[in-house]
Each structure stands twice: as structure tokens, then as C-alpha cells.
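Several structures are given next for inspection.
The following pair of complexes shares a single chain, subunit A, combined with subunit B in the former and subunit C in the latter.
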Partner chain A sequence: MAYSDKILEHYNNPRNVGSLDKGSKSVGTGLVGAPECGDVMKLQIEVAEDGTIRDAKFKTFGCGSAIASSSLATEWLKGKSVDEALAIKNTAIVEELNLPPIKIHCSVLAEDAIKAAIKDYMEKNNIAIPAELAAAGHH
Partner chain B sequence: MKSTALHAPDQARLQSLHFQPDAESGVRIFNGPLPDYFATFGLEPRIHLDAAALRETFLELSRRFHPDFHSGASEALRAEVLRRSSLINNAHRTLRDLPKRADYLIQLLAPGIESNRNAVPPELLEEMFDIQEAGEALKEARVAADGAALEAAEKMIAPLREQVRATRTAVEAGLDAQGAALDELLDGGHAPSDEKVVAALKGIRLSLDRLNYLRTVLRNLH
Partner chain C sequence: MAVKTPIYMDNHATTRTDPRVVEAMLPYFGDIFGNAASRNHSFGWAAEEAVENARAIIARAINADPKEIVFTSGATESNNLAIKGVAEMYAEKGNHIITCVTEHKAVIDPCKKLERMGFDVTWLPVLPSGRIDLEQLKAAITDKTILISIMHANNEIGVIQPVEEIGRIAEERGILFHTDATQTVGKIPVDVQKQNIHLLSFSGHKIYGPKGVGVLYVRRRKPRVRVTPLMDGGGHERGMRSGTLNVTGIVGLGKAVELCMEEMESETKRLSAMRDGLRKKLFDNIPEIFENGDPINKLPHSLNVSFTYVEGESLLMGIGDVAVSSGSACTSASLEPSYVLKSLGLGDELAHSSIRFGLGRFSTQEEVDYVAEKLIHVVKRLREMSPLWEMHNEGIDLTKVEWAHH
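Moving on, here comes the complex of A and B:
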């Protein structure tokens, strides 16, 4: 299968690999998996006092597309408000990375990881969870 | 695998599935819709089946539909023989493996039941993630060709690998039992839409998903 240059670029030079302090109140953690292929993805955000995302880290055990999707997601998250982050759609990731149809589920996984991380942050800080987040994955 | 629930292929049924005489010419043609994988071997759709009978029927059908035996036939017939022999191979490859067979059975009986990533327990995901992380140390030591680090990583990985294997064995045993329970319902005439059958199929789907995670982890710990 032919990967786009952008996928390869993120795969070879993944941005923001690592982890943040899971126990910190300002950190939200999302851990999601794809049962179809067994991939697991962890994505974390650190939210500043003013409500913007100061830092984002990820660690993904999976295929190149899953790594590229989560790498791109962390790049996009930095500097965004939580609400703006919630608006990130997997289709935007598909478009940016030019993901082939059979790899679209990798972008869905990244969107789920973002939502799960935000949900975790909101729960920790007693922020009312919006309805569309209620069903988001584990953290 | 249990082989108690036998559904021996019925020869007449096999004949009708694979040889449909053309009404006008009387020549055997096979222009009907392709049967599903179970029906291809004259079997009822079940999780457990008689592996020896499956193999025997596969060999017989393979011979019967081998393209070499039909080289003198018309082009249409040769095309159909090819289509059938490819079906027979695919069906055999799928049905001889329990997880693949279970996956196929779910698609066949209840295509609405799909993998649900929220159904997998979060503890399992966390366990998988932690083990994958430990596996990284092994890879790094290998890349660095660092003997001491490699030995330390191997020491750390060995019990984890055993742990994952033990979990996999437990999930496989669970799948075996779930399969037997489903077969019993189907044997008892319960329809695929029956509440009990749907619940059984969902349970099997979850076991298959868990096996996927465990398999991926084991591959990475290799």
C-alpha cells in the first residue's frame, strides 16, 4: 500500500511522543484501542489556567497510519481551547494525511483519543460533560 | 476443540449446492448464487464443527472442482469451476480456524454485530499498553545491540509474555464454551434474531476482539 508523504513524514519524525503526569489535575488522558487490529493509542493533554491546551503527548502502538494520525492530532491540539479541540473531526485528519480508505479507522481512533482525553480532564475538574462526550472511550 | 456437535455433510445437499443441472441442456452447470462457507461444505453454521469431516469434504470438493479436470469444458463452465474452486479454498481457510470461523459466523448470522471498542474492558487496554511499553525496551536494546540491556529486557519481558499467553489461553477456553452454548441454541431452533442468540454472538464478538489485542501484543513481544 502506498502511504502519502505526509504519513511517512509523521511516521519517521513523530511529534510529541511521550507522556504527561497522569495524576495531575491539569492533565487529561485518553487510552483507546482498535479491536479490529489490536492497536492501542494513548493521548494526553495539559490544559493551562486560561483553558488553552498547553501541551499534548501521545504514544501509539500500531501501524504507520495510527502513529501519523495521533502525531498530527497532538500538533493540532496545542494552543487550542478545549472547545476548539472537541471540534476536531477525523475527516480533517483523513484529508490532511491523505489516508487510504482502509486506514480511515486510524483517524477515528485519534478522534476518540482526543475526546477521551478531554472527558478525563473535564471529569477531574468537575466540568459538566457535554452530551456528545458522554459515550467517549475509556481513560 | 470439541467435536461433539457433528453436522455431517449431507451428500445430496452438497450435490444440489454444487451441481445444478441446466433444465434445457441437462448439462451440469453451476449458475446459482454461491453458497455461504458453511453451506459450501454442506454444514450447518456452527462454532464447533467436526474438523476431520471438514477436511475430508474439502479434499473431495477440491478434486471435483480442480480446473485441470474441466479443461475440456466450455468457457462459461470453466469460469464457473474456477469461481467454485476459489470459494472452496476461501471457505476452507476460514472454517478450519476457530477465531476466523467465529468471526465469519457472526457476519453471516448477525452482520449488525460489529467490534465495539467501548466494550473491551479498560483494564485490558491498560494492560496491553503497559506490556507494549515494556516491549519497547526490548526493541531498543536490540537496535543498540547492547548485550546487558538486552538481557535485562528479556528478563523483564519473559514473565509478561507468559502472562499474556495465560490470558490468551483463558480467553480461548471462554470462546470454546461460548461457542458450545451458541451451538446449543442454534441446534434448538433459535433464530439468529432471538435475544439469547444475539447475546451469545455479542459475547463471542468480545472474546474475538480481546484475542486480537492479545495476538498483537504477543507479536510485538517476539
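Moving on, here comes the complex of A and C:
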């Protein structure tokens, strides 16, 4: 199976690899997936006082499509409000990266990682958690 | 000197047909096109002579009689013929078969089919080395056991099973012993007499011969083994495998075996030196990696390594112009990690992180050096990107983390 150019591009030049201070109140951390399933994503957001996502970082153990999905997710997150971030759907990632059907779960994982990071941020800051986020990070 | 890419290092999967083999085959696509079963004209005689010449070469290579060589379409067919053929032929004698969990699918699936048809199959586990425990084998034998099928060497981890001892146990108990020797014929010594082998499968394309041709060795004396054919037809190959003989393929297979036997000693030396060098270079330069399978009882051209905290498919992507295989689920159609690696007792995550290197006749030291350098670089880069590597370095025990399973 050949990879799309966009997947290769993200794999070769991943955006925003790294870690933010998970102890900080303004940082939300999502850790999704499991090593025995072959993919684990850690995605972090740093939210500014005005509620926009100032920074986003990721680290991913997984195939090239998983790395590309999380790299793309961090790129999209930066500058968005938390509400806008919650609206990011895995299908948009599939479309942008041309993920083949067998790799759709990578985009699902990236969406989960975004939601888990936002949920963590909300919990830290005593923000009421919307119902659709209640299960984020737990499958 | 720059190496030529892409580099092929997946010789367990298939091998390049040796140009000398191709040359030997060419006349049989031309003037010598006869049907080896045509007994009444020179076209048939010429084809028959070529087939019998190949048969004799192959028999000599495994210390068999030419009459014991049955040509097939490949090792999958040979395994099916051996297992289903014995099961049907000896059904009145017993209904129990012993095999092993690390066998190739071409052995596992015929055994599963027999299981569904009412046969009892014992699936022996393997030790962490990848070898079976001979005591467990002995304990599994019952008075209903008709067949033991254990591969000579494994296609994923290159681990060599103690076939001679298995053969002796089978012989003592009056049970037939089949071995899938697809990874070993032409690579390491195979001797059906010394190793007490009653049935043996292999194929042409793993030994620098053509695809679509293989052999089942069926012993004729002490004991005389009989198999029920899979296909009915013209009664070729002493009734065991009907169908017009693939003369070109058989000629190529004969030539391939001849070359392998001539070069086995020197190739074993050359390939094991390169393999050992690759292993050393990787282990000297990358922390926390593990070799899968017994490092001693291993094919000379074979190496399987788990690069912890890095996923196999992303590794393959990083070394893009190098052809190797991974036990990662992401590289398999089934999305399951390698059952062979899992059966060694490795966690799934180590199976996901594995790479199989298969050197071959056309591998060079420059290629090995290139692959090692590239891997050292890619593993480092991917670990910097790996949350598991980060957690490991923070002292977190990954087995104690509650993962969100999908």
C-alpha cells in the first residue's frame, strides 16, 4: 500500500512534536490508545486566558498515518477556541490526509486525543464538561 | 560508493530468481516444449529427461530417492497434500495430529480444517526461544496420533526446530513426521534419512528459483508413506499429484537447488558474518532492543529485532527504500500483530515493534551497513516522537498504566 503525499509529508516533517508542562493549569493532556493495539497518542493543548488554544504538541507511537493524523490535529488546533476545537471531526482528517479505509482508526484516535485533552483542561479549570466529552479517553 | 536503492532484505518472503536459473529454464519455453507425459515422441522424451534430471538433483540434495520427489505448485500445496493426504489415508489408524502454534498458515489452516472435520489437533506451544519442548511433544502423543507436523525453521524468526530429535521420537512411536522445510532446503543441511523425516515440503521461489513450483518428499521405504491426492486426474507423480508437469518450473527448481548446494557452505559463512555484523551494529547503537527467537539455533541469514517504544510500520516508512517485514498489526491485512512473536510470550507491543531482516545471495555488506545506519537514525527520531519512550524515561511502568482500549 502506498502512502499519500500528505501522510508522507507529515511523517517526514511532523509539526509540533514535543511536550507541554502537564502540571500547568492552562495545559490539557490527552493520552489515548494502547501499546498492545499498536498506537498511543499523547496530545496536549495550552489554552490562553481568552480561551484560544495558544499551543499544541503531540507525541505518537504508531504507524505513519497515526503520526500524520496527530501532527495535522495539532496544526489545526492552534488558534482555535476550545469550542471550535471540539468541532474537529475525524472525517475531516481522513479527507485531508487521504487516509485509506484501513487507517480510519488513526483519525478516530486523533479526534479522541483532542477531546481527551480538552476534557483534562476543563477538569483542571472546573469548567462544566459537556455530555459528549464525558466518555473521552475511555473506550 | 553509494548503494543502489531500493534494497531488498526480505528474503524469507521470496528471493530473486538467479539469472543462472532463468538461463537454464529458457530452452524449455522454446524448442523443448513437450509434455513430460508424452511417451511416444522426442518432444515428450526431452521434457521428461529434463524433469528427471531435476528430480535426481533434488533427491540428492536431501538424501532421498528420486522416486520420492513429488512436484507441486509450491510449499502451500505440498503442506496441504502432506497433512490432508495423510489424514485421509490413515484415518482408520487414528485421528490425532500434532503440530505447533508457530507454523506457517499453510500448515495451520489445513490442520484447522481437519479439526472442523472431526480430527483432534494438538497445538504445541513454543518456549521463549521459539523451539518446541520435546517432552511436551512426547506427552502429547496418543495411540491415535498419525502425524506430527513441525516446521524445520520458522519464516518470521528463523528459529530452527530440533527436527532430528522430533523425527526420532516419531520413528520410535510409529508416527509419520512431516516438516515444512521451505526456509531451510538449500540454506542449511537437510537429510531425510539422518533426520528421520517422512514427508517434507519446500518451494522454488525461496531458493532463487521460480515461483509456482515446489516439492513434497514422500518416503517410500521404512515406512512406505501413502497420501490421498488432493486432485484427481491423469495420475501424474505416481498418482499423488495429477496435472501436467510444470517443466520449466521444475527445470528452474532443479538448477536452483544445484546452485544452493554448491554454494551453501560459502554462503552460510558470508551471510552469517553479515547478519552478526548487523546485529552487533544495531545492539551497539540502539538501547533497549531485543532479538526475537533463539540467537543460536537460527538461520544464518535471519534476524528479527523488536525496537521497543517504536511502532513497526512507522519504522518501515522511515527506512522507506529498504524492503523488510514487520510483525506489526498495521502491516498485516488482518490488523493482528504476528502470532509467531506473540507465541514467544512477547507482549503485543513488542510484536508491533518488530522488524525481520532476511539477507540473501544478492545482499552486500554495503547494503547491510546502509540499513543499519538508517535504522539507528530512524529509531532515534521516532523515539523522540514516542510518548511511550518519554514515559519510560520518566520511570513510568507502562504495564501498570490503565490504557484506553479501543
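Convention: the second predicted complex is superposed on the first by the 134 of 139 C-alpha atoms of A that agree within 3 Å, B and C clash if a C-alpha of one lies under 4 Å from a C-alpha of the other, contacts with A are read in each partner's own complex, and residues count from 1 in each chain.
The working rule: a contact is a pair of C-beta atoms (placed from the backbone, for glycine too) under 8 Å apart; a residue touches a chain by one contact, two chains touch by 3 or more.
Keep in mind the model is a prediction, meaning the values are calculated, not measured.
Looking at the shared chain after the overlay, A:59 reaches both subunit B and subunit C.
Applying the stated contact rule after C-alpha superposition, one finds that A:14 touches subunit C and leaves subunit B untouched. When the two structures are aligned on the shared chain, A:119 is found in touch with neither subunit B nor subunit C. By the document's definition of touching, of the two partners only subunit C reaches A:67; subunit B does not. Using the contact criterion defined above for the overlaid structures, shared-chain residue A:102 touches subunit C, although it does not reach subunit B. In the superposition on chain A, contact of A:3 is made with subunit C only, not with subunit B.
Number of subunit A residues touched is higher for C, counting subunit B against subunit C.
By the document's definition of touching, both partners, subunit B and subunit C, reach A:36. Once the two complexes are overlaid on chain A, the subunit A residues touched by subunit B in the first and by subunit C in the second are 31-40, 42, 59, 61, 109, 112, 137-139. Note for the complex: subunit C touches subunit A at residues 309-314, 317-318, 328-330, 335, 337, 347-349, 352, 384-390, 398, 403-406. Contacts from subunit A toward subunit B in the complex involve residues 31-40, 42, 59, 61, 109, 112, 135, 137-139. Subunit B makes touch with subunit A in their complex at residues 115-118, 120, 122, 125-126, 128-129, 132-133, 209-210, 212-217, 220.
Residue ranges of subunit A in contact with subunit C, taken from their complex: 3, 8, 11, 14, 17, 19, 31-42, 59-64, 66-67, 102, 105, 108-109, 112, 116, 137-139.
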